Structures are given as structure tokens and as C-alpha cells.
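Here chain A shows up in two complexes: once beside chain B, once beside chain C.
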Partner chain A sequence: MSAFAGFVRKEVYHILRDKQTLWILLLMPLVQVLLFGYAVRTDVRDIRLALVDPAPGVASRALTQRFATSPRFQLIDVYRSPLPLDEAFRSGVVRQAVVLPADLDRALLGHAPVSVQLVSDASDPNTGSIMQAYATSILRRWHDERTGGNPGMRVALATRLRYNPTLESVNVFVPGLIAFVLTIISAMMTAISITREKETGTMEMLLVSPLRPWAIVAGKVAPYVLLGFLNVLLVLAAARLVFQMPLRGSVVLLLAECLLYILTSLALGMVISSRARTQRTAMIAALAGLLMPTLMLSGFIFPIDSMPEPLRLVSNIVPARWFLLIVRGIMVKGAGFAALWGETAVLAGITLLLLAVGARRLSVRLD
Partner chain B sequence: MTPIAIEARELTRKFGDFTAVNAISFQVAQGEVFGFLGANGAGKTTAIRMLTGLLQPTAGSATVAGHDVVHEPEQVRRRIGYMSQRFSLYDDLTVRENITFYGGIYGLSTRDIVERMDALLARIGLEHARNELVGRIPLGWKQQLAFSVALLHEPAVLFLDEPTSGVDPITRRRFWEMMYETAAGGTAMLVTTHYLEEAEYCDRLSIMVEGAIAAMGTPSEVRRAFGADTLDDVFLRLTRPGAVA
Partner chain C sequence: MRVILFLMRKEFLQVFRDRATVFQIFFIPIVQLLVLSHAATFDIKRTALAVIDADRSTMSMELMRRMEGGGRFEVVLVQSTAAGIEDALLTRRANAVLGIPRGFAADIARRSPVTLQLQLNAEEGAAVGIVLAAAQAVVADFARSAGPTGPVTARVVPGVPLDIRTQGWFNPSRNYKHYMVPALLVSLTTIMGLLLTAQNIAREKELGTLEQLNVTPITKGQFITGKLLPFWLLSLLIFGIGLVVGKLAFDIPLRGSVPLVFLAAAVYLVVALGIGLWISTFTRTQQQTMFVAFFVMLVYLLMSGLFTPVDAMPRWAQWAAEANPVKHFVFIMRAVLVRGAGLETVAGPLIGLALGGAAVLGLAVRQYSKQTT
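Entry: the complex of A and B
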């Protein structure tokens, strides 16, 4: 038996014997997918809507009908005046309201502009803007139908949301989730497992043995590459089977890019373990130094476009940012390598840099 | 004179301005038990790290098991064993798995490992615990196991870093008997300890103070040189500041 194979086998024993951690590592990705899939939805349903219609007529009844039959909206009430709206919004009974003018029918017949007010509860800004978009599209269709061949109307705007027409959140969070899970498993677990050997004193024994330092590091990370890969497959399978997430691009390319990101995470774990002396330090460093940026600065939770300039610059060095672009490109847009080589090159560059720093630091510390 | 197992020549290590080990020279013969004493921070650990090839000397040289520690660290590592006070065994692996792993990293064949494991377990009376997790066996046995495992690849030189800390006096006594048996087979041993009464068991010993060797010889030679009744007295006189006479 070769020394290296024996080493990997020992690592596998460590992982298999720690049943609690193993279960967490295997179940966590699944639980996350289900949690994100069911709880954290950015597509909005059952918007509680009120209409204010001072003078019901043909046109306003047609609009009421449109809202009442849309699955996105739940028509709460039709008021005669806008007065009850304040209280309805404050108590949360109503989250959106459409206020029609008293002279609606006359206005639609003539050439005077129709003034319709759309009010949305934006206390949650994301939901607010999504609700607004839905209501606007219904209003526009209603307007087009009512005005028919109105000679004043020259341009008919037709909007379409490409790749994610129904704004399904599963498409947004699954790539982020893969990055998150791989950061925990590949980076945090390898950092912890290397520092554990330092803490228990077994590292000294390994270092005075004929094993080369690179063999020690490679032997320690090898099982986590496999575990990380297994988790990628689990997350993808869950996203596909439970949430019907599309995979429009090449599976092989996707898995290859995931493998690259696993390497990135392992390199991050190496850099941490070259510094940390205890498992606790390694864990805190991984949580604060890796998980937070992965969640906050990668575009997973907060869009990079809406960040202030300095943070947007910082996000460039967060590997997850590039990985997210790649995975979204492949899964949602069906992009091929030709479209993604730039992002891949950046990610590969970061990985090589981290591997060099990690290997250098470890060998300095070890030798 | 018997062949030399360890030879340090003016071995020196500096960390910036601080000289951790200052030009120490000593020899350990094959089959000899050499005590390596000194207060914490006197430079013992740094010296051992240089002798085991983990740290480059700033100056001087050393030969261990016939190989130069700077130029042939690979050969040195194959010929030495190491046991620390923390025993360097994996608690979540069984006795058998620990031995197999250790044999594996030293490149022993599966057959050799099995043969030597049987002999080893029979010698320390641990055959029944072959499939026990190491974390579950008593400390005294764990210590003997760690010692035997460090000898599995039949090293020429064994480094023992406070191998007896934390175990009771009877177990400690038995441990020294194991060391003598091993030394009789020709293995040289360099042992650090906090227990000065243990130092009396060494064939020869050295006491390090502030990076340099302040006393060296057989226990009785060292005592006589300082006119002291016990090594304890010698040690106190050497390590108490301003008391070096």
C-alpha cells in the first residue's frame, strides 16, 4: 500500500467516524435548498390589492375583472374613495392599491390623458418593486385593450423578462447555494481538519516522517474534494426534482466549473490553516473571512449592481462572485465556455494565486 | 567507542536577534539513553527540531543516523522515530488502524506491518484491544502503544519529547524498562523530561541553560562536578538566575 493511499484512507476514517459532522455535511445542502426554495421566494404571489373606483363603469369593471382573475393578486375590496387606504396599508390588510379617476370612462373616450395612480407598500423594497412590475403589466394590457386603435398611441411597449420570465427565485439562489455549501465543506472543513492535527500534536509526527509536506496537504484535502462534489450533485438534483430548475447549458461544463471552485475553496482553506493554530480560530476565520463575503459580496443575496463603488471593487476579489456568474450563465442562460472563459480565467487565476500562497505559507510553517 | 548515532557540532539557531540555540555540541552513541534537560524556553525543542530536520540551523551542523540533517533530511527522517508527550496517535482510529497508518507512511509492506503489529501487541499485552478505538484505552497503555508505534519502522534514533508527562510513577517506571530494552537492541534515544529523578536513569545527560549546554556527562559526573547530592540541586543552581557558579 502506498503511503499516500494509506493517508487518504486515514482521512476517510476521520470523516466517517465523526457521524454528527458527516450528517450535517450531507443534510445541510438539502435543507438549505428546501429552505431557500420554499421560504425565501422573491417571486410574489397573492398580493393583497384594493381598487378605488369613485364611478364604476365598463372600463373600471374590466380592470377589476383582470385583477380578480390574476393568480398573482388577491382583490380585497373596491372602495368608493381613497380615504380608507391609509389605514388599510398601515394595518397590512392591503399591500397595493390602484386609484382610478372619477371621470375614467369620459377620459378614455376623449384624447385627454388618463391618470391612474398605483400605490405599493415598499416597506420591503424588493417585494415593493416586484409588485409594482406585476400591477403595471396588468394596467398596461388593460389600457391597450380600452384604447384599442387610439390614434394618439404610436408605440406599444412589450416587455419580456428573458431567461427567467416568471422571476423564479430558484434560478437565483441555487448557484449561490452551491458556492455557500462548497465554501463550508471545502474551505472550512479542510482548514479545521489540518488545524486539528496541529492541535492534537499528530502534525509533528507526520512532519518528522518521510511524507512530504505536499503529500500531507493533498492527502488531507482529497476526501473533501469528493465530499464537495457529492454535495454539488445533491443540490443540483434537489433543485431540479423539487423546483424544476432549468439546466440549459452543458452538464459537463457545469461540473468542471464546480470542480474548479472546489479547488478555489480548498486553497482558501489551506491559507487559513497555515495561519490558524487551533480549530476554533480556523472556524471563526472561515466563517467571518469566507462565508460572510460569499453571502454578502458575491451577488448571492444583494445585487452587485446596487452596491456602492468601493464594495463593488471589493466584490471582484470574492471568488464566489465569478463562480455565480458562471453557474448562472450555464444553468439559466445556457451559455457555453466561449461566453464564460473570461470569468473562468479570473477564477482560475485567483485559485492559482491562493494555492501558491497557501503552499508557500504551509511549507514555511512546516519545514 | 561504539558508533555515533547523533552528533551535533556547534549547532546554532537564531530567530532574529534572539539566539535560541547557541553552538551546542554533543554526541550520542548507539544504544545510549541520552537525557536532554533544561528549563522551558532553554532551547531543547528548537534543538530537537533541528535534529529531526524540521528546522534549518543558522550555523553549525549535525549528523543523525549517519546522515547530515541539512543536506539529507529525507534519509534522516526514514531512520528516526519520534514520540511526543501528546503520543501522536489518532483517538478516533482503532489500535490496528493507527499501526497500519504509521507503517504505511514509512513505506512498510502490508506483510511487514501485520507481522510487526502482532509482535508489538503481544509485547505490550494489548492483543485483545486490537479493534478498540485508541481514545478508549487507558493512558498508560496508550503511552506504551505510542512508544512501540514510533519504533515500528526500526529507527536508529528515537526522539522522545517528555514521553512520561502525565502518567503515574509505576507506569513511568515500566516505561523506562521498555526504553532500556530498546536501547539494548542498539537504538539511540534522546529524551527530554521534567522529572529530574528520571534523569538519573539516563546513561548520560546534558542540561541546557539559555541556549547553551551548561553541564554534560553521566548523572554521577554531573553531580560531582557541581558538588551536589541530587540532579535537582544541580538543575536549580543552573537555572536560578545569577546562581550559575
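Entry: the complex of A and C
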């Protein structure tokens, strides 16, 4: 056991000696929480709008006024004809246009439908739909006011957005960021530190030592467990103090789940390092192989529910997906273990599987 | 020039000697492009809906049927009280709850206003907007057609109806892939190129071979060029393959000029790889390099408008984004490929990228000292 303790001490020294890396490891996640918390938003605001109004009149001026004062829109220009639209859209100066008919004032008095065209830049279809929905609602309100409303059947829909009523982006991003930082620190750092020993030849020295192979690996990952945990605490503290992010569930449960996820990522790093022979292969696998899938298949940015069926199945093997459900559940929804045991079990299962694979592939001999 | 060629040859040999790396360099970006492109959408297709139906009438059944009819909702639970609903929301068995009040059918028959309750699980943030819009559409549709028919049709609705016609330019079929594939390609190429470049010098430092290079008469400029060019070519190749794959697999539009896209890619990659080089001039180990590179990349990618619109960011962040090369390149790619923009539109960002490239390379050359400390 003392040999093992000595080995862990050596690893800790390795990490502590390199002050630069340590600072980077501890501060970068913090900087990211602050940066993303303030800057990354998913809502659509300040839509650059152009109106095409061939014959300005009372009605069209009222509409222009409505758009100009709406916080959602930023009125760029009012054109007389739809001709400049082409160029305005192409260059991205305008993203949404409302084209009014030439005979608007007359049409409003008549009985035929008033035809208004909404043109949106749908190159981003999501934003395109949202812009259209906003513009439509302003048009409808304006029209109701002009024509005295439409007394049809009234079925109102009272909506309550649960758990995150103001749709704070921070509540969505912080859990994702925790998952991300833990995945990369734990998986990449372990993978690289083990392959470094292989590459520089010191692994052979370790293997001929009386330490068992599993003890070598355990000793290598132990300091990173601590480091990852420290990161979780820092990120959580920043989210709570700076962004007042809710933590509705149990803190103990949250930290325990984080610990489990650190183990998952470490196991992932182990599997990578057991296959890779050089640091380059290890880091490409860890970074290029994990970065985008963790970002995109975990529900961090794109909801899992929006993916096609086969991909939803694939997302099941992404550990971050389960961890994200757990962290959001605890922090945002205030769920207890009773609601999260399924996700926890899956995560634990993945961890065991990875550990088994990693241990089996970890040969006592180098090839 | 000869020196640079020799250096390049050495780099290529070192990369291609290692089968695992070659496999990774080409395999990872392409597979991820093929797989992840399907994931990049906010369009929630099916939401598990629980219905608290206190009315239990044919009218409430009809509403439920319509909710399901659009294909957006799947009724997973129908009960007459709210018991256990909290739990269903917590465990994500249901992500939406529709409450139909007692007397719903009677109110509709009397044409008195009714209010339905809708609860949505908003833990995923703004993405819930699409679900809400879908529910509103179904309810509005229901309201228009429901109610007693006979006497109502006799009542002429005053005023003229508003006929709103919508057009989605550039992407009329609202295919999210057309928008995301070019951007994903940018990020995958960036990750690969930046990593390879950054790791390369760090590795030479760690193994001590950098000192061997330092005692040769190779100049700083030659050294940086020799390190940059091979990976620049590789990245450009990945980019080209990715573009072909995107065209074949996803039929992404190529409305603008393809040579212009490649010109932009060539300029952009100098910046991206230059950043990798620059990182590796001040880090000491490969581990450290990877870590810094990872964080820099994450900031660049998440603040580039790739996933979330730049317009939605606060003002200061939008200004900061001006210094983000990924943002400019993503903008150029989407402008040229999807909107068919020409040189006059993208000249600004392109010049910006070129200046950025020059600055980063200058920094890297200055920072890289031939003496090891």
C-alpha cells in the first residue's frame, strides 16, 4: 500500500510542479462559465426588419410604429418597392421583411382579404420560424385594432413554463459546461498522461516495478479525480454567486453524481490510452473524438427530442447525455434520487463497462 | 525555399508513417459530419404529452385527437386529476401537460370563452418555443372549427380577414442541415487542424528534438512556415472532402462560387492553424497545449454563431465576436453557400481574416525563440 501511496505522491508532484497547467486547469472552466453565462443566448432579439410600403398611409404608419417600438425588432428601413430586398437579404443587412400591398388603405375598407407578405431569411430555419411568428403576432394585433377585432370562438391557452420560466440560458448551459469540463479534463488528461509514459518509455519502468498494472492506472487517475471535483465546485460556485442559478435539489446528491461522472470520464480516458500508442493518437481520440459528440449528442445545445430516431439511439451511449439529465434534474427541477435512479444506473453501467474494457486491454507487457 | 520543402517532407513522413493518426485525421471529421449533421436541429418532433381531462367529453377527446393528429405530440397519459403529474414531469415521462377544465364541452356549446392550461418542461430553455408554437397552432385551429355550427355560420365576422403569406428565402424547405452542415464542417476542420499544429511543436519540445532543429541554420520564419504548411494542406484537404460529402450526402446548396469558398477556407485556415502554433510557442508539454487548445476552441466555437445566433448575444459579446475568426468564416460559408453572396458581401470579413492571419503568424514568429529556457 505504501508503494501505491508513493506512486500517487509522484503523480501529484507531477501535476503540482507544473504550475502553469494547474492554473489553466482551474481557471479556464471558471472563465468559460462567466463568458458563456453572459454571452451565449438562444433567444432571438433585435431582428433586423425592413418594411415595404408602396403607398404610405395612416394604417401603414401605425404598423411601422408598432414594429419600430417592438423590442424584438430593429427597423432598418422602409422601402417603396420590394426591389432592394434582394440585395438587403443577400448581404444580411435585413433578416425579415414585411411587404404591404399598394392598395392597403382601400383594402382595409373592402371585404376581400388584405394580403401581406412576410419574407424571412430562413437560412437558419429555426430563427426564421421564430421571426415569422413574432412578425405575425404584431400584424394580427395591428389588424385587430384596425378592423375592431375578430369575435370568434375564444379558446385561450394559459401556458406555464415549468422549472425555467424565464428561459434563462445559464440554467441550460451550466449543467452542460460541467459535463463538458469533466469529460475533457478527466478523459483527456488521463489518456495523455498514460500515453506519455508509454511514449517516453517510463511505462516500462513502472511495469517492472512491484506495482500491479491496475495500481499504476489507479494512481495515475487519482489526482485527476480531485482536480475534476475542484472544478465542479468552482463552476457551481460561480453559477450560484454570479448568475443566481437555482440549486433546488440536494447538494450531496449532486456532488455524488459528479463524482460518478468523473469516474466515467476517467474510465473513458483509460480505454483511449489502452488503445493509443502515442500522445497524438490519444489526444486526437480524446479531443476530436469527444468534443463534438459531447457537444451535440448530449442535449447540451440541441434537444435529444429533436433528433431522428437512429441518432436518439446513438445518443444513449454518450455518457454526457445521462449526466446532463441528472444535473439538470437536480439543479433546475429539484428532482431527488427517486426520479433519477434510472439515469444514475445507466451511467454506473457505462462506467463499469468502460472499466472492464480498459482493464482487459491494459496489458502487463508493452507490445 | 528548399529548406521549407525539406521540413514539409519530414512532417508529412511523420504523419503518414503513423497509420492510426492518418486514419483518425480523415475518419473522425467525415464520420462526425455524417452523423452529427442530423443532430443539429432545434425542431422538436415529438413531445410526450400528459392530459388532465377533467371534462371527459367527446369535445375533449376531439382536442386530444387533434393534438396527436399534427404529429407533434404523443399522448402518453390521460387522467382526470392532477395526481402524479408532477412526478411524470420530473422523470420526463411527459414533457408537456394539457389541462382541460370541467365544463369544457358545455362552454364551447355556449360559445363562452374557455381557458386551457398548458405546462411545458422548460429545462432545455428556448427550445421549448417550438413546442409552445405547435400547441398554440393546434388550439387556434381547434377554436376556429369547434363550436356549434348552425347558428355560428350565420353570424358574419365583421372586418376583412388578414391573409398573411410567408416566404422563407434561401431555405424554403426549412432544411436545418443546409444551414448546419457548412458550419459543422468549419468546426471539424478547425478542431483537427488546430490540434495537429499545436500538438506538433509541443511534441518536438517534449522529446527534445526542437533543440536539434534550433541548432540548425533554419530561420524562425522558415521553421514556422515548414510547420504550418503541411497541416494547412491537410486541413484544406479535409475541408474539400467534407464539402463533397456534404454535397453528396446532404445535398447542401452551393449557390455561390465554390472557388470563393476555398479562398476563404485557405485564408481562414492560416488563422486557425496560426493560433495553434502560437499556443504551442508558450506551452511546455503536450498535455498543457491540448488543454489550452481545447479551451480556446470551445470559446471560439460557442461564440461564433455556429449553434446560437450572434445577434442574440449582448452587445459587448457581439463586438468581442468580431475578433473571432470562426465567426467570420462561418458567416462567409453560410453567406456564399446558402445565400449565394458574392465577393462584395464577404470581402470585409475576408480582409479581416487575412489581417488576423498576418497578426497571429507575426506573434507566433516573435514568440518562438530559438533558445530553450
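By our rule, the second predicted complex is superposed on the first by the 247 of 367 C-alpha atoms of A that agree within 3 Å, B and C clash if a C-alpha of one lies under 4 Å from a C-alpha of the other, contacts with A are read in each partner's own complex, and residues count from 1 in each chain.
The working rule: a contact is a pair of C-beta atoms (placed from the backbone, for glycine too) under 8 Å apart; a residue touches a chain by one contact, two chains touch by 3 or more.
Remember, predicted model here, so these are calculated numbers, not experimental data.
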Which of chain B and chain C A:A3 touches, first, second, both or neither: first
Which superposed partner A:M205 touches (first chain B, second chain C, both, neither): first
More chain A residues in contact [chain B versus chain C]: C
First (chain B), second (chain C), both or neither touched by A:L260: neither
Chain B versus chain C as contact partner of A:I301, first or second or both or neither: second
Which of chain B and chain C A:V44 touches, first, second, both or neither: second
Partner chain in contact with A:D18 - chain B first, chain C second, else both or neither: both
Chain B versus chain C as contact partner of A:M28, first or second or both or neither: second
Touching partner for A:I284 - first (chain B), second (chain C), both, neither: second
Interface residues of chain A shared between complexes with chain B and chain C: 18, 200
Touch list for chain C against partner chain A, complex: 18, 20-21, 24-25, 28-29, 32, 35-36, 38-47, 87, 89-92, 95, 108, 111, 113-130, 132-133, 135-136, 139-140, 142-144, 146-147, 152, 157-172, 174-176, 178-179, 184, 187-188, 191-192, 195-196, 199, 203, 206-207, 283-288, 290-295, 297-299, 301-303, 307-309, 311-314, 317, 320, 331, 334-335, 338-341, 345
Complex interface listing, chain A residues touching chain B: 1-3, 5-7, 9-10, 13-14, 17-18, 200-202, 204-211, 366-367
Residues of chain B touching chain A in the complex: 52-56, 74, 77-78, 80, 82, 84-93, 97, 100-101, 104-107, 110, 159
Residue numbers on chain A that touch chain C, as the complex places them: 18, 20-21, 24-25, 28, 31-32, 35-36, 38-48, 89-92, 95, 107-108, 110-130, 132-133, 136, 139-140, 143, 146-165, 167-169, 171-172, 180, 184, 188-189, 192-193, 196, 200, 276-281, 283-289, 291-293, 295-297, 299, 301-303, 305-308, 310-311, 314-315, 325, 328-329, 332-333, 335, 339, 342
